Amino acid sequence: MEALATGHLFALTGAVLVGLGLFGFITLRHALRQLLAVNVSGAGVFLMLGGLGRGAATTDPFPQALVITGIVVAVALTAFGAALILRQAEEDHAAKEDDERGGKT
Amino acid sequence: MTGLFYAAAMALLVTVALALVRAWKGPGTIDRIMAAQLVGTGVIGVALTLGAARGDATMLDAALVATLLAALAVAAFVASRAPRGARKDGEDRS
Amino acid sequence: MSPLDLLVVAPLVFMVLSLLAGGWQRSLLALAIATMAALSVWLMTLDPGTAHVVGGWELPLGVLLRADGLAQMLVPAVTLTAGLTGLYALHQFAPESHASNAQTAAFWPLYYLMWSAANAAFLTTDLFNLYVTLEMASIAAVAMAAMGSVRAALRYLLIALLGSIFYLLGVALILSRYGTVDVTLLAGMAEADFATALALALMTGGLLVKAALFPLHGWLPPAHAAAPAPASALLSGLVVKIGFVITVRLWFEGLAAAATPAGLHVLGGIGALAILFGSLQAIRQESLKALVAYSTVAQIGYLFLAFPLIAGAGHAWAGLSFHAVAHMIAKAAMFLAAGLMLKAAAGPRIADLAGLARAMPLTVTAFGLAAVSLMGLPPSGGFSAKFLLVDAALRQGQAIHAAVMLIGGLLAAVYLFRPLAVAFSGSETPVVPPKAPSMVAAPLALALAALLLGFAGGPLADLATGGAPATVAPEPLPALEDTVETASEDEQ
Amino acid sequence: MSLVFDLVLCLMILGTAAASLLMRSALGGIVFFIAFGNLLGIAWLSLGAVNVALAEIAIGAGVTGILLILAHARLSAMGDPVECEPTSPWMRAAVAVICGGLIVLLSVAVLSISPTDRMGAQIATLMPALGIENPVTGVLLAFRAYDTLLETFVLLGALVAVWAIAPPGGWPQRPASLAIATPVSLTVIGTFSRVLLPASLVMAAYLVWTGSDLPGGAFQGGTVLAGGILVAALGGAIALPRADDMRLRSVLVLGPAMFLGIGLGGIALGRFLSYPVGLEKALIVAIEYALALSIGATLALLVAGKPVPPAAVQEGGD
């Protein structure tokens, strides 16, 4: 009974995390923070997988392995996202400096 | 004995919660980072006591990994805060 | 030995080699095209429905690879599209400049990664493996889009990430509910309960973002229009089909039990809106590549418009498979031709194309032939696809669907004739620097292939229905009553 | 007792997640995200999923956190305060209703499914054939080795994708230096990094080795290795290599290539990715060590970011 409750507790927490992350993704206007929000949602999905795989004494190793794969995929995409955000900021920064120089001369 | 370890884990979790309150209130970034370090230490403690409560020695590995990466986070924070040319984030100096 | 895993693994081997090979990309590409062509031929000779688990680990633990009719059509089409696009790209991303140009150095490994991802997506029935596959495709696609515009790529990445979360959310519910993520097992187990319906809705939502179905298409036109021509060809040809194929596997096979007629009609309705919206937007575009990109938004609509028609009379399934293949090839041809035309033109606008038909007749011909297929004029592959779809709609009394498809064809004619008319106008012949023969030949070959596909309509439609899931209405094809029955029926 | 602990933990997880999203200060949000990741690690421990806990603490909280800290620092150095214009209250209310609706739907679905260890028993019967005891490693490296193989290519592809957006003049140079410039911090962190790099190497090797029978494995070990490399780079003990360095390229592709090679070798025995009887453990451990090395190098470079022109390396890319 307690195992059932534990599994559901974590899975429900995961469900709320998904919603929170989505809220952040839509309402936050900076790409870096949106990236963070997606990671919160993703962690929520993983926690749902783990919680619903919780048995009487053990947690199903199958979803555990899928979650590890998911975590690695998530960090790969997050790293690329962060690199894109920085590149974008550099381009904007350079364009702004060009504008300022153009304005002075 | 298990109950005792759970109680210890709970107590550590409460200290983590208090550190989180500090991190929320700030006011400066430094306060937040220090609070984050406290959270990290607390989490390591929780992992250790939880391992004892469950009788699962492998949880010590999790604590060890957390220790190593917490050290890395400190280094990254220091790196990001090191004066290196003009900084515009005035809030951080508070 | 089986071509099913080799079709996925071989491009990965080439990706590793391309990271080590530096300036040897030319030989590597030749080797890759030869290998993939041989494997594709091998795949086509397999009986539809041939399947095996990777590493011999049985379901529900392992991952199943399967060659159904859809995969047997799409994978060879990927080989043709990716291979010819690669030949074209050899000039745009010349291997000699790999030491000085980041885009050239990165393009080739990403190209093989995308090739592998497309084949992997079409050949597996495992929903979690498809998640990894989707992310492989996303990484390569976003990076290629970033070669044109970082801003568009960032937007694409964020929206693709959100789509993945929704997809994975559905996979998590399905795994927890049924203890498997394999479509073939789910087909026999799925029930129409709340968790399954929600999972189907969430996965579909996530996949529609990736397939860029209206109104979730916002990221596509800027990303596809800004990318370098070979990247656009791969993005519009290959990548959007991945989300579409997974959606098909869910709705007509794995979770068919939860796929209500109402849901199918909603998807069909959105598809119809996508056709009209995409076409009207394409008509409004001033820039050539934006026009071609919006045409993709419209053509994706046909794929989903077919959803409510599939279970009924007629041959919507064959039409759908056919359309996916015809669009892949024709759109790649069009983007490659557009890339050449824009290099020769004075600017990116359609008005800048004046006189190009005389300056580069072969390229403008390629554009025109691809346009014939996209408009759905006979004898092209696009015609066969749309004929089968319109026929199915009329047989089922879905006059509105039929009308939308016909109007879509007319609108396509309107937006595609415009650049062609400009290219044929003008009294002066612009001076165009000579292009490498393979660069001119690639779009032309793809456009001819899209056209000739129409002549292979019968056998290809048979192939598509051969491995079709049980939910697809089996019925002899209208023009093909006398041809041999499909292979699967022979076996049974 | 355990349930009360879990309940408090879940509330703290939700609190830190909310704080990481709702805080106005972006750096504050990142601080909470790291705390969130660590607490999630505890949640996985509480679920008895130590493998995932290791991955979450190392990758989800550790590497992702450092990635976000560095990105934030580099953005603010360019004058981007990483602040969001607050969206209108009406918009926030509408979005909150939608997200709340999604949470309700998901919760109903979650409650309609009873949590069970569905495949544990089946996996346990197959494990003796592999000669290893950690079922999660069994799933990752045998039953679903195909997923894992593709995943390693996602990671490699992400690094190539980062290379693709190198700024003009940046290719094929080093990433912006992570080293901290001030002399005082240099001595402290320099010593620190010299201690931490060997420690992380030992820890990484241990995690991979123990991973065949106990929680651990290539991804956890590789991440710890990446952490060590990053600390050493931050302390100025090592410089990250150029993108065209062939030794680097060899390390990056070593794991994926070995995985592919052993998989293709399986074809000789009938199936791609089937291990010859008797050699399962040896091959799995070999793949894991090669993978850990490649993952460590790839993750460290992913965190360091794209190559930049040589002049910018010294300035740390500011």
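Should a chain be cited, it is by its letter among A, B, C and D, assigned in written order, with residues numbered from 1 in that chain.
As a convention for this text, contacts are C-beta pairs under 8 Å (C-beta built on N, C-alpha and C of every residue); 3 or more make two chains touch, one makes a residue touch a chain.
Treat the numbers as computed from the prediction; the structure is a model and nothing was measured.
When chain pairs are compared by their number of contacting C-beta pairs, A-D comes first. Taking each chain's centre as the mean of its C-alpha atoms, chain C lies 32 Å from chain D. The distance from the centre of chain A to the centre of chain C, each centre being the mean of the chain's C-alpha atoms, comes to 28 Å. Once the centre of each chain is set as its mean CA position, chain B and chain C turn out to be 48 Å apart. Taking each chain's centre as the average of its CA atoms, chain B and chain D sit 19 Å apart. In chain B, there is no position where the chain touches two or more neighbouring chains simultaneously. Shared interface positions of chain C, defined as residues touching 2 or more other chains, are 61, 128, 132, 135, 139, 142-143, 146, 150, 169, 173, 176.
Contact with two or more other chains is made by residues 11, 18, 21-22, 35, 48, 52-53, 62, 66, 69, 73, 76-77, 80, 84-85, 87 of chain A.
Taken pair by pair, the chains that touch are A-C, A-D, B-D, C-D. Residues 61, 128, 131-132, 135, 138-139, 142-143, 146, 150-151, 153-154, 157-158, 161-162, 164-165, 168-169, 172-173, 175-176 of chain C are the ones touching chain A in the complex. Within the complex formed with chain D, the chain A residues making contact are 2-24, 26-30, 32-33, 35-37, 39-40, 43, 46-48, 50-62, 64-69, 71-80, 82-87, 89-90, 92-93.
By the touch criterion given at the top, residues 2-3, 6-7, 10, 13-14, 17-18, 20-22, 26, 29-30, 33, 36-37, 40, 43-44, 46-49, 51-52, 55-56, 59-60, 63-64, 67-68, 70-72, 74-75, 78-80, 82-85, 87, 91-92, 95-96, 98-100, 102-103, 106-107, 110-111, 113-120, 123, 135-136, 138-140, 144, 147-148, 151, 154-155, 157-158, 161-162, 165, 167, 217, 219, 295, 299, 302-303, 305-306 of chain D touch chain A in their complex. Residues 11, 18, 21-22, 25, 31, 34-35, 38, 41-42, 45, 48-49, 52-53, 62-63, 66, 69-70, 73, 76-77, 80-81, 84-85, 87-88, 91 of chain A are the ones that touch chain C when the two sit in their complex.
Listing the residues of chain D that touch chain B in their complex gives 1-2, 4-5, 8-9, 12, 15-16, 19, 23, 25, 27-28, 31-32, 34-35, 38-39, 41-42, 45-46, 48, 50, 53-54, 57-58, 61-63, 65-66, 69-70, 72-73, 76-77, 79, 81, 178-182, 185, 189, 192-193, 196, 199-200, 203, 207, 210, 214-216, 220, 224, 227-228, 230-231, 234-235, 315-316, 318.
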